[in-house]
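Lettered A, B, C, D and E in written order, each chain numbered from 1.
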Amino acid sequence: ASHADSSVKLQLQWVTQAQFAGYYVALEKGYYEEEGLEVEILPGGPDIAPPQVLAGGGADAMLNWMPSALAAREKGLPVVNIAQPFKSSGLMLTCWKDTGIEGPQDFKGKTIGVWFFGNEYPFLSWMSQEGISTDGGEDGVTVLKQGFNVDPLIQRQADCISTMTYNEYGQVLDAGVSEDELVTFKYEDMGVATLEDGIYVLEENLEDPAFKEKMVKFVRASMKGWKYAEENPDEAAGIVLDYDETGAQTEAHQVRMMGEIAKLTAGSNGALDPADYQRTVDTLLAGGSDPVITAAPEGAYTLEITDEALD
Amino acid sequence: MGLVIAALVIWGLAWWMNIRIANGAQADTKGAKLAVPAIFGLTLLVMWELIVRGLDVPMVILPAPSLIVVRFADSLPILWADFVQTVVKGALSGYVIGCAAAFVTAILVDRSDFLRRGLMPVGSFVAALPIVGTAPILVMWYGFDWQSKAAVVVVMVFFPMLVNITAGLQETTQMQRDQMKTWAAGYWQSFWTLRLPAAMPFVFNGLKISSTLALIGAIVAEFFGSPIVGMGFRISTSVGQLALDMVWAEILVAALAGSAFYGVVALIERKVTFWHPSQRG
Amino acid sequence: MISAKSLDLTFETNDGPVHALKGVDLDIGKGEFVSFIGPSGCGKTTFLRCIAALETPTGGELTVNGMTPENARQARAYGYVFQAAGLYPWRTIAGNIKLPLEIMGFSKAEQKKRVEQVLELVDLAGFGGKFPWQLSGGMQQRASIARALSFDADILLMDEPFGALDEIVRDHLNEELLKLWARTGKTIGFVTHSIPEAVYLSTKIVVMSPRPGRITDVIDSPLPKERPLDIRDTPEFLEIAHRVREGLRAGHAYD
Amino acid sequence: MRTIFPVAVVVAVIVGLWYAACIPMNIHTAATQAERAGMVIDPEGAAERRDMGAIALALRNTGIWGDTWAQDKPRLPAPHQVVTELWETTVEKKVTSKRSLIFHGWVTLSATLLGFGIGTVAGILLAVGIVHSRAMDMSVMPWAIASQTIPILAIAPMIIVVLNSVGLQGLIPKAIISAYLSFFPVVVGMVKGFRSPSQMQIDQMRTWSASRSQTFWKLRLPASMPYLFASLKIGIAASLVGAIVGELPTGAVRGLGARLLTGSYYGQTIQIWSALFATAILAAVLVAAVAAMERATLKRMGVGR
Amino acid sequence: MISAKSLDLTFETNDGPVHALKGVDLDIGKGEFVSFIGPSGCGKTTFLRCIAALETPTGGELTVNGMTPENARQARAYGYVFQAAGLYPWRTIAGNIKLPLEIMGFSKAEQKKRVEQVLELVDLAGFGGKFPWQLSGGMQQRASIARALSFDADILLMDEPFGALDEIVRDHLNEELLKLWARTGKTIGFVTHSIPEAVYLSTKIVVMSPRPGRITDVIDSPLPKERPLDIRDTPEFLEIAHRVREGLRAGHAYD
């Protein structure tokens, strides 16, 4: 396809919510327009694998978690990180306190809900670093593929579930659970944090200067959106709500989410910090018997776009 | 491009061959009846292979059949474990429970006209609830393991079975029922000796429809939460990992299992309803 | 044996009542062979069904063996042969004949004995293991008669049992039926559309006419009990046949 | 009248059981919330109650039964909650509002109808081919059966991506998935229907030296009408399921399926249940519409009762 | 008109070949009324179907109007009436009769004219707008005959057209058929199971016998062309009937 036109399609990795506020704000406030871009934001969902959409030509750029993107790269789909608006990870495990879990070693013999679909990699790395098997039994953890809500914890089908600081954790609290009934483990604190929500494109496209230029504009405008969202969380949440076509979101939830998201994007100007990248790769390579990636990837990110954009 | 043209040529050739066989003298032999669909299926596979290669379709979108077969052969233990979890534990148990429940309900409905008139419309309404909506609810109620999958299957097969069994039980002619009356037969006597055997073609029709429904139901339900084994689990995770060859290997298992399931039911049907004109051919 | 007094039967249908039977008086004695003949819709079947308690009269009186038809049915006082053979395709011929015996609770040994007996009687010995669809129409009809005979009721009710058969087979079965009747002394009620058949078989011919269904003529046959097929070419036979035909034509509307 | 009363009784019984079921289903959360609001619950403390049977808990706390029917995100919503939500999202919302079920219903319906149209036409054409070509008859049928054993939810995302890569987006991919589910019952029914004329009727055509197409138009097609409508009724229900499944991998932004799904991400059970019921009602309406078409057609053909 | 010379037809079935016709020789002249009678399975239908080119003989020669049957079929040389009326329930009586005319490409006006003509001919004028199920069995059968007559073929082939009707209606239709034959001078081939019917209608009666299907007797009727129903009680009639019955019985296996 030719990249001479001004259109950009962005594939999100989840449904419209404040997690993606920066892009919606940029769209709503006309930042993309100012750059001369026509941006279309494609919401995702549990049935959508953004790398696949990218490969099929359905989008120009995607948001993805780095473990999933690196795995796709090893599978022969060369995706490249061009920007990293999220500095830190919002992923955590939330457990019932009354199960007696105090540290990772207490997971043995417990049941833990994990998101799959490419998002299981951080968890698997973590467990292999802790030396805990994920095949169940006395000395291992029983893993469930959790759906995308917090029922398994509320219904006590699992002792711990994966939550995002900005979304599911809040839903647990909404369900009438108080914080002191819970124990949480942030991946960030456990030293196994991996990079989340980066912007990725296909390597071959980057060879086209026109495409590159488009991405520079796109990243610049997006970051402008992110910074605006950080400063005006309530307004950003309102914008997101306007773009949610399902009408399923509630204002209270989006406002809270925006507040938490702002904490994750705070440390980033959009440029990927190679140290963060290295930490992510190291974590993944430590992945034990069923490694996420087998070798350190080459050329999985480029700073060219952000260098130019943030000048 | 050459490969694509080759694909079309092969298609033409195979089709010509099939027409020859189907209209030839041997068309009614067992061999021909197997050969024709086999040739058709093989042609589809060859075309798929050639077109995927010819157009350079990325593996993460559509893998070639040869890659799928390799993946299949390499992953037999995983596929087997998934098969046991989904088909044996989830689909089969749900199928059995659902059919049995439908059978009992059919008898109740048969005995009470009031129940029939009240239950059937409500039942058809409930049957219209889409699985994507009911599966998450049932997973929430019955947990992550196969029990919730079985529950989804029960919900899916119950109504088609109920409809078919009730229709089947109506299948006797007035004359046959009168005949029973002239012998002063009781309800259960005429049920076991007349109405149930007469209902069998319908019952098997329902069993065949339900066999594919059961399989699909069990797989789809796993999309909404599962242990880390099962065909639905593998499919959804593998899509996320872009392991499309694995996805298709599982789909192959599903198609094989589904066709075999259907085939077994059809075989039993042949044995049980040997007397029905459609089986005497 | 069977006695009807001013029997009425009206069906309520959605376009008005249908008088299927009106003021039917008839007495059938033990051992008689009574044929019912009449145009389509005149109530032959309905009358037979009343006797069999498959239909409830809306007026008049009907007794069978001195009981109500319902009680007679419960007492398994009659065998009923329907127009179509109505054999169950999933049972062999023997299995079909055994069916009423199973339902009536005969012992296994008794069942076996009787099946063989009646198969013999209708000339089907050796065909017990075949399925109905493996037999010709005539054979199926004979099996159906055998089934009605198997439990040895005094009364045999037959509703156009030979309607679907060709003339030769029909002749043959007529002969057989007469022999059987002579041998067993059963009381037989027989519905037919064929005048020669009615005349050939019966001791009494009941001619009916429709709208409303009633009896227009009852003809006692002067023919001897012993009847070779050739009897049908005799003047007496033709005489009765003529009378029946006249009776019929009178009641018939040319659709 | 003959059906309304029994249906009313059955519905009443179901609603009664449903209310009863809400109590054990929702009692744990109700207890926790009541306790938080200052009520005395027996036994005290959520941890204490956690492993307790729901029915036992309900029996010891009859005072909070009312709360089980009035929760925000219940495990099982009470019937009136679902009905209220249905009412609010259909009647009380503008149809253009994205919170209106009518709006979402329309999105799903348009994909359903398009898919149903494609599926029906494709199914009929395939059936025509099967009836007229022995080679097709022998080769296609087994594979058509096998195709139905493939879980559609698994391949729906791939269909979407593949179509996307050839530039098809929006309504069409959803309609194709919907067509995939509806074509099979149509093929099976129409093959039966086209073959329903007796050998005698076909011979009759031959005695008049009728051509194949004359036999088709004047005999096979009219004879297949009852079968057509029987399969259309199954087919349209299948189309609806297909359209909903197709909504999931298209970003689930609009439509009843999207409503179901996003409802489940945020644990909004009342919203899920009302979308579920809306779907079933839509299915019932569609099937009734086909049935009405059937009656009209058969009546015009003179074969209706 | 129709001429068969040592005609053979063998069906290959999965349990061996069935000789449906063996060495059949027969000539039918213009304007004749030929009945075929014989026990079930003797090949009556098969022979008629050979004439109609619905079946291909495996040996011998058969010409219809001097052509091969296939060409005669293409030339629409005959009308064929099947045992069941076989009317299309979704077409009115007129629509049913029109059907072959549409297929043969008659003009609309011509279609209309002919439909009225043949409806008149079979006494159904005024019933054109009714649907088949609104008519009695006898009327349906007449409509079916009207349909076979509508395109005015020289030959009329009828396979047990009255098999399903009751005796009185049948008598009536027999009379009508004779009248129609007299009026139109068509050549008629007629299959029946009923001896009186065959004798009453035909100028020539062909008696057949099964396994293998062959002709055992060809009886030319001495009866006059004008035949009231009463003719059936005359000695000539009974004489022929007797001869047919004997011929039949000889070839019949009692099953």
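One rule holds for everything that comes next: a residue touches a chain if its C-beta (ideal position, glycine included) is under 8 Å from a C-beta of that chain, and two chains touch if they have at least 3 such contacts.
Computed from a predicted structure; not experimentally measured.
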### Query
Counting one step per pair of touching chains, how few steps separate chain B from chain C?
1
#### Entry: Partner chains shared by chain C and chain D (touch criterion as defined above)
B, E
### Task
Select, from B-D and D-E, the pair of chains that is joined by more C-beta pairs in contact.
B-D
#### Entry: Between chain E and chain D, distance of the C-alpha-averaged centres to the nearest whole Å
54
### Query
Using mean CA coordinates as chain centres, what's the chain A-chain D distance in Å?
34
### Intercentroid distance (Cα basis), chain B paired with chain A, Å
38
### Chain centre separation (chain B, chain E; CA means) in Å
50
### Message
Two or more other chains touching the same residue: where does that happen in chain D?
### Response
75, 153, 157-158, 161-162, 165, 248, 261, 264
### Query
Counting only residues that touch at least 2 other chains, which ones in chain A make the list?
46, 49, 52, 55-56, 147, 149, 151, 155
### Message
Show the residues in chain E shared as contacts by 2 or more other chains, in ascending order.
### Response
none
### Query
For this entry, which pairs of chains touch?
A-B, A-D, B-C, B-D, C-E, D-E
### Message
Under the stated contact criterion, what part of chain D meets chain E in this complex?
### Response
198, 200-201, 203-210, 214, 218-219, 222-223, 225, 301-303
#### Entry: Complex contact set, residues of chain E against chain C
39-40, 136-139, 166-169, 172, 193-195, 233, 238, 242, 248-249, 252, 254-255
### Message
Under the stated contact criterion, what part of chain C meets chain B in this complex?
### Response
49, 52-54, 73-74, 76, 78-80, 82, 84, 86, 88-90, 99-100, 102-104, 131, 133, 151
### Query
Residues of chain B touching chain C in their complex?
173, 175-176, 178-185, 189, 193-194, 197-198, 200, 273-277, 280
### Task
Give every residue of chain B touching chain D within the complex, in rising order.
15, 18-19, 21-23, 27, 32-33, 36-37, 39-41, 44, 61-62, 114-119, 121-122, 124-126, 128-134, 136-137, 140-141, 212, 215-216, 219-220, 223-224, 232, 235-236, 239, 244, 247, 250-251, 254-255, 257-259, 261-262
